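The structure under discussion is supplied below as structure tokens; questions concerning it will follow.
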Amino acid sequence: MAVVTVLYFASLRDTRGLASEQVESSAPDLQALYAELQSRHGFSLPVNRLRVAMDGDFAGWGDGVRDGSEIAFIPPVSGG
Amino acid sequence: MAVVTVLYFASLRDTRGLASEQVESSAPDLQALYAELQSRHGFSLPVNRLRVAMDGDFAGWGDGVRDGSEIAFIPPVSGG
Amino acid sequence: MNLFDLAEAPILMAPLRAALEHPMAGAFASFEGWVRDNNDGRAVDGLRYEAYAELARKEGERVLREAFEKFAIVDARCVHRIGELAVGELAVWVGVSAAHRGAAFDACRYIIDEVKSRVPIWKHERYREGDAGWLHPTPAPPEH
Amino acid sequence: MNLFDLAEAPILMAPLRAALEHPMAGAFASFEGWVRDNNDGRAVDGLRYEAYAELARKEGERVLREAFEKFAIVDARCVHRIGELAVGELAVWVGVSAAHRGAAFDACRYIIDEVKSRVPIWKHERYREGDAGWLHPTPAPPEH
């Protein structure tokens, strides 16, 4: 069981109604963690339209969920 | 016989030592006029590296020498 | 000095440009993204940019470093606004100096293209009709 | 208002840029040509630009009009300095606003490329070693 801080941005934050939260999870990897949160909160963005970051840098969906880490799901960007 | 004003720019002006001059010529076209002036003043630029203008706009080398016109031989440009 | 930066207040272009001057630079290309009054056929009153600041700075810096590796440039900077912006305001600025213009143009274009497609910044548009929404372009970001 | 102009005094960029702002323009690309301290391996102290002014204005205007026809742009201007310039001074300025950045970049590049290759303006460089000379590039102007 890992305890992580999840950051929400843009439409994910609007849907969740929070900018960040502490999450307990036994998900084996980041993709499974998103699936868990998606079904809990009803995020409409599928995993293949997101990128994921762990502790301030991009990570892979197959990376394990590091206990104590900060995880961000990155919706399609629209800067510029 | 046509009387024209010839304008010289850049290296042509340096070689001629004048910015413009009145020229009397019976050259049938602008290319022949340049040949005439080239042999008289020793211009090193061959005609195929120049463009020519008559009365303030680009002209063709085969255009006739209009009496009273203003003619400019345009060396390769180097603005910017 | 950072090559890429986020700005919460209006971007001051003059000092950014001046920092890129160099006696061996003969060419300077710059790009400005301005807030338009419309998008996809809808009238826009203004917008808000939000960033994942820590990662945006890191990824922006990587984009700029790549530009230095790929193109023969002398110097380059990019600054992106965050927060509330009105129509006509400057959203992003890119400047590149180089010996010759080809590299300056190519690097400037590279930087804005990569920043728009990779740096975690999101645009929230307010429409004249009263509603608002996040832009999450699919799947390759359109050429905007 | 002319789209292309020659300037005998330093070019003031701010009013040129401001004239290109438009609520439907989301992109602005600009190019500046700066006097470099070297050319073809020789140290340059400064230079002089001379123009066949009447024809330069006419041909410059044609280049800008072509840019409006070829690219989906909102507005564009180009100003070229003539007279004596020191190293670092602004020799030429191009600015283009457009709805989207592709057209802004492409038109800006088109304008500077065509102005450099077609508009009757000549550069006279003074070299650190004391001599000076006109630049008459052969046969296609090099990408400088």
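By letter and in written order, the chains are A, B, C and D; residue numbering begins at 1 in each of them.
The working rule: a residue touches a chain if its C-beta (ideal position, glycine included) is under 8 Å from a C-beta of that chain, and two chains touch if they have at least 3 such contacts.
All of these numbers come straight from a predicted model, not from anything done at the bench.
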item	value
Contacts common to chain A and chain C (chain labels)	none
Distance from the mean Cα position of chain D to that of chain A, given in whole angstrom	49
Mean-CA-position distance for chain B and chain A (Å)	73
Rounded Å distance, chain B centre to chain D centre (Cα mean)	26
Residues within chain D bordering two or more other chains	33, 112, 144
Multi-partner residues of chain A (at least 2 other chains)	none
Contact pairs between chains, per stated definition	A-C, B-D, C-D
Residue ranges of chain A touching chain C (in the complex, touch as defined)	7, 9-11, 14, 45, 49, 53, 56-58, 72, 74-80
Chain C residues within the chain D interface of the complex	21, 23-38, 87-88, 97, 99-102, 104-105, 108-109, 112, 143-144
For the chain D and chain B complex, residues of the former touching the latter	33, 49-52, 54-56, 58-59, 80, 91-92, 112, 115-124, 133-139, 141, 144
